[in-house]
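The structures come next, written out as structure tokens.
Two complexes, one shared chain (chain A), two partners (chain B, chain C).
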Partner chain A sequence: MTRPTLAVWKFASCDGCQLSLLDCEEELLAVAGAVDIAMFPEASSSMRPGPYTLSLVEGSISTPEHLEQIRTIRAQSRYLVTIGACATSGGIQALRNFADAGEYAAAVYARPDYLSTLATSTPIAEQVSVDFELRGCPINKAQLVEVINAFVNGRRPAVASHSVCTECKRSGTVCVMVAHGTPCLGPVTHAGCGALCPRHDRGCYGCYGPKETPTASLAAPLQKLGMQGDKLVRFYRSFNAWAPEFREESRAHETP
Partner chain B sequence: MTTTRTIKVDYIARVEGEAALHITLDRDRVHRVELNIFEPPRFFEALLRGRHFTEAVDITSRICGICPIAYMMSAAHAMEDICGVKVDGPLRDLRRVLYCGEWIESHGLHVAMLHLPDFLGYPDAITMAKDHPDLVKDALRLKAVGNDLLRLLGGREIHPINVRVGGFYKLPTVAELKARRGELDWAMGATQRLLKLVAGLKAPDLRTAHEHFALRHADEYPLNEGRYASTDGVDIPIREYEQVLQEEHVAHSTALHSRRLGAANPPLACVGPAARIALNQDRLGPLARAALKEHGLEDAWRNPHRSIALRCVEILFALEESARIIDGYVAPDRPCFEVTPRAGTGYGCTEAPRGTCYHRYSIDEQGLITAAKIVPPTAVNQAAIEGDLRQFVSDRLDMPEDELRHGCEQVIRNFDPCISCSAHFLKLTVERVDGVAA
Partner chain C sequence: MASNGPKLLPAAQLDALFDALQRRGYAVVGPRLRDGAIVYDELKSMADLPIGWHDRQGPGRYRVEAGGDRALFGYTVGPQSWKKYLFPPHETLWRGQRGENGFAIEPPPPPPRRAFIGVRACELQAIAVQDRVFTGGAAVDSRYAARRKEIFTVAVNCGVAGATCFCVSMNSGPRASRGFDLALTELLDAQRHDLLVEAGSDAGAEVLAELDAPSAAQADHSQADALVAATAASMGRQLDTTEIRALLYGNAESPRWKAVAERCVSCGNCTSVCPTCFCSDVQDVTSLDGSTTERERTWASCFTQSFTHMAGGSARVSTSSRYRHWLTHKLAGWIDQFGTSGCVGCGRCITWCPPGIDLTEEIAALRADAEKP
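For the complex of A and B:
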């Protein structure tokens, strides 16, 4: 029997999520035994054409060329999984969606006319159908191994869908908001990091993106802790700023 | 009659980020060398404006998944410079250990997983593992030692969460630090074995006349601090960086090129392990210094094809430095210094695995960022990479297409370019103007 094939693709991103695969120091050779890594340019100069069983897509859609590329990748892939905040919600570079993209380009580049870029940075699922979205900025490498394992074996991945707040309670971590008055997005943020920030005495900053909870209910407690107006806007508007729940919540607190 | 030909590499493998190469040559000379960085621009310097000064550390870490600490550290130092805070004592030492973790992880990845396959003739480390299982397993374990330090001090390997302006959120315990000593000792031995292998690799002879730039510190091998120095005699405080190296925008790249100011016909600027070794080999720890001497690598910084050995020497340094700090560590009474914002401009310049990472910020009295300037190391190196390619190809005009293309890719990988960072881009096209179809 031929092994399932894996392809890893990059759009606008920092490479951190695909690096997570190389960071699986203990599992990497086992993964490479179970799947045939056919396309992974960051790791190998051997690049073979599709079709592929599973495509992992990192990064957001941010140039005119991306629009075409993602369609080609979708057509060549049995399963397409997005990995990380850029691919799943547009990433930190989606802050330009709230601003004047032309002004952004002029602020950084002397010759914006040399650039080929879209006015927005958007998630992969806005362009093509996606079979699974793995959250996180960056993704959790154990979850990545689980996702690869699940898809090559034809089952749904067992990835928790509760909030960071629940991860804190389960790990017995003291609530930074209640005990120290530290603003925290844990109640409205998707699990996966293992409550990393609260375990380090800091508030969650939402890098795993929104969980499907009424995000607005957190505003009042945050306001009580001194998070007003622009502060609240910035809190929701970071690595998952363009995720619908965080996008709407940040807009609700904008001063007109 | 002379016709030209083209050498093209559309997607350069085993580098971080997206780039292509386009070279045009004929029988007698190279016409054009362009390293195209098509990494999409993300406009970090624009999106940082209006953010709170404490946020720059976490936001800029997202410039690069392989060297986030470099960005976090340069941002933190710049903000501390504005606010008049000096992080010293054990907190400064722990920042060094954290940075060493990133050097071990990043250099380990590049030396064994991305670069060594070129020398041993494999497409990647996974294929190489079939013939050299112990070599690859040891390399993965070595990389894991770096990642373990990043997890311990930073919370996680990629985009650590425990770094802040003023210090850390939470400190590891003395016992947690000491528990790393055994693995560090193993890693020092493993790195010496790896260095023996890579120092003996046959490398093409290439002599460049680049001006190498790195931080230089009074008594340390540079990570977080120092004056900015070059092999051609530059010696300035970091706040004068932009008076020496200035960025300019060229049509074929989203990475801004650096131009040397203040010199007529200046050599190409180059940063990274070779520059650090050129300027600071007297500051290496005893183990790394002895290894440099034992393998005759004192002048290896002049040949870019030997960078793999110099990265190994730096891994050894990062391991012995971490061990030294852990052995003498006494816990401070708080995890960070208080930092109150004040309006002003500040500078941060630290040594990323790939070379100097320069940041400048201005903030207002509320602590909001009004201007940001970030120069990633690969942006500085881009012109030097193109220079080396030109020289490499000029010396081999008759070489068969495939060999030449492969050689060019190696020239690029010598720099361990980090293109996500620099995009501000790489694609390989070699165009031969001699009637030979490319």
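For the complex of A and C:
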């Protein structure tokens, strides 16, 4: 039996998520044993053509070329899994979706006319069908291995979509919101990071995007901790600003 | 000193109890200050206790402060409960290794001997409830039972009630009445700082006999009784449990459930901090090459979508249905299922709920709505 082939692709992103694969260290050998890494430009200049069993796609759709590229990749892939906040929600660069991208470009670049970008940064799933979305900015490498494991072995990935609070409580972390009065997005944020920030006495920044159930009830306790108006808008507008639940919540607190 | 009647141990000599327990091979675990809260962790000696620290609790709010005294147990319950030792959040039930002829199963190591020090009356009740859930029926949870057997329990009668405490309503405190090996009452005033030590089991009596301390006098018992009575009289909250099953079963369609859902974030913190919530999820975690597997059990919460996921999706999609399920099961369903309420009145679900949802307030509101003509 031939080994399943793996391809890793990059769209608008910082490369941090695909680096998580190289960062797997001892697990990387097991991954390389379980799959034939056919296309991974960041790791190897040996790039073989498709089709591929599993494509991991990092980054958001941000340029006209991306629109074509993602269709080509989808056509060559049996399974397509998006990795990271950019690919699943548009990433930090989706902040431009709330503004005029042309104005941003003019403010930043001496010759904005050299640029060819779309007015928005959007998730991969808005363009093609996606078999699984792995969240996080960056993704958790153990979850990445679990996803590869699941697709190689034909089962559903065991990736929980409940709150970060669950991870805090399981790890015995004291609630930074209740015990310290620190604003925290943990109650509405998708688990996966292992409660990294609360474990280091910080509120959750929402890197893994919205959890499975609604977001709006967190506004009242956040407001009690001094997160009013613009502060609340900015709180929800970071790496997953364009995720529908965070997008709506940030808009709900905008001053007209 | 071979008497095993109640004794009076000077508070400064609590290490004698630590020594007696450690000599018996127990790792002592109890309250200690960490990250702005009183949590349960390993203690080497009484110096690790949060001496002089007190807590202030309210809905969605918890703070510790130094009280300017030498009290060893001058606080109520914190975010964690003894559940983390008896029913840990993560547990490997067994490991499997593929061999040439099938596979071999490796059981987990035997549980450690632990002495719990500082167990409050509501927590004793919570342990009794989990004992009933895990070991009381036909199917005994062998891992829970094995851990439970290795526990020595030193209770503490509460000398102070928190603002979210309501053990009196749930008939579980503030005095430890059963389920302990030793019980301490801290007698602290301008003149004295002593611990009244009482045995509640043969194992406790054996340890008590080893303590080099005088027998307690009637005056000591009177002071302890007055202290516990004062605690009982200063409960932060109360919950009227009259006909509670009928109240909850009869008001499944109350508009109150939707109202509370407006505030509930479905984060699941209430179920994590609850000392009796017992649900878990079991998954097999396999290596990439399929040569090994681990069967992992983790805490589950009825506030998640996966909890009721089955063919066709989740059964409880709305927040109101999840909150209603949790509260109805906790306060009513448990009585039918286990012969006891699932609530012990510790107040953790009130304090550690980020929006500060208060089940005592919800029950009162539900009752008021139900009694409207």
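Observations
Everything below uses one rule, namely that the second predicted complex is superposed on the first by the 256 of 256 C-alpha atoms of A that agree within 3 Å, B and C clash if a C-alpha of one lies under 4 Å from a C-alpha of the other, contacts with A are read in each partner's own complex, and residues count from 1 in each chain.
Note that in this section a contact is a pair of C-beta atoms (placed from the backbone, for glycine too) under 8 Å apart; a residue touches a chain by one contact, two chains touch by 3 or more.
Remember, predicted model here, so these are calculated numbers, not experimental data.
Once both complexes are superposed on chain A, the partners chain B and chain C fit side by side without clashing.
By the document's definition of touching, of the two partners only chain B reaches A:15; chain C does not.
By the touch criterion defined above, A:124 lies against neither chain B nor chain C after alignment on the C-alpha atoms of chain A.
Of the two partners chain B and chain C, more chain A residues are in touch with B. Legend: residue contacts after superposition of the two complexes on their common chain; A:201 is shown touching both chain B and chain C. Once the two complexes are overlaid on the shared chain, A:166 sits against chain C while remaining clear of chain B.
Judged by the touch definition given at the top, the superposed model places A:153 against chain C, while chain B stays out of reach. Between the Cα centres of chain B and chain C, as seen from that of chain A, there is an angle of 110°, stated in steps of 10. Applying the stated contact rule after C-alpha superposition, one finds that A:221 touches chain C and leaves chain B untouched. Of the two partner chains placed by the overlay, only chain C lies in contact with A:34; chain B stays clear of it.
Superposition on the common chain places the nearest Cα atoms of chain B and chain C 10 Å from each other.
Annotation: chain A residues 201 touch chain B in one complex and chain C in the other. By the touch rule above, chain A contacts chain B in their complex via residues 10-20, 22-23, 25-26, 28-29, 32, 37, 40-47, 62-63, 66, 91-93, 95-96, 99, 103-105, 107-111, 114-115, 117, 121, 137-138, 193, 196-197, 199-202, 205, 207, 231, 234, 238-239. By the touch criterion stated above, chain A contacts chain C in their complex at residues 27, 30-31, 33-34, 145, 148-149, 152-153, 158, 160-163, 165-166, 169-175, 177-181, 184, 186-188, 201, 212-214, 217-218, 220-221, 224. On the chain C side of its complex with chain A, the touching residues are 34-37, 39, 60-64, 79-80, 84, 89-90, 262-269, 272-273, 283, 285-290, 298-299, 301, 303-306, 319, 351-352, 354-356.
Within the complex formed with chain A, the residues of chain B that make contact are 11-18, 40-47, 49, 51-52, 55, 58-59, 62-66, 68, 109, 113-114, 117, 123-127, 129, 136-137, 140-141, 143-144, 147, 155-159, 161-162, 164, 169-170, 248-251, 254, 256, 335, 409, 420, 424.
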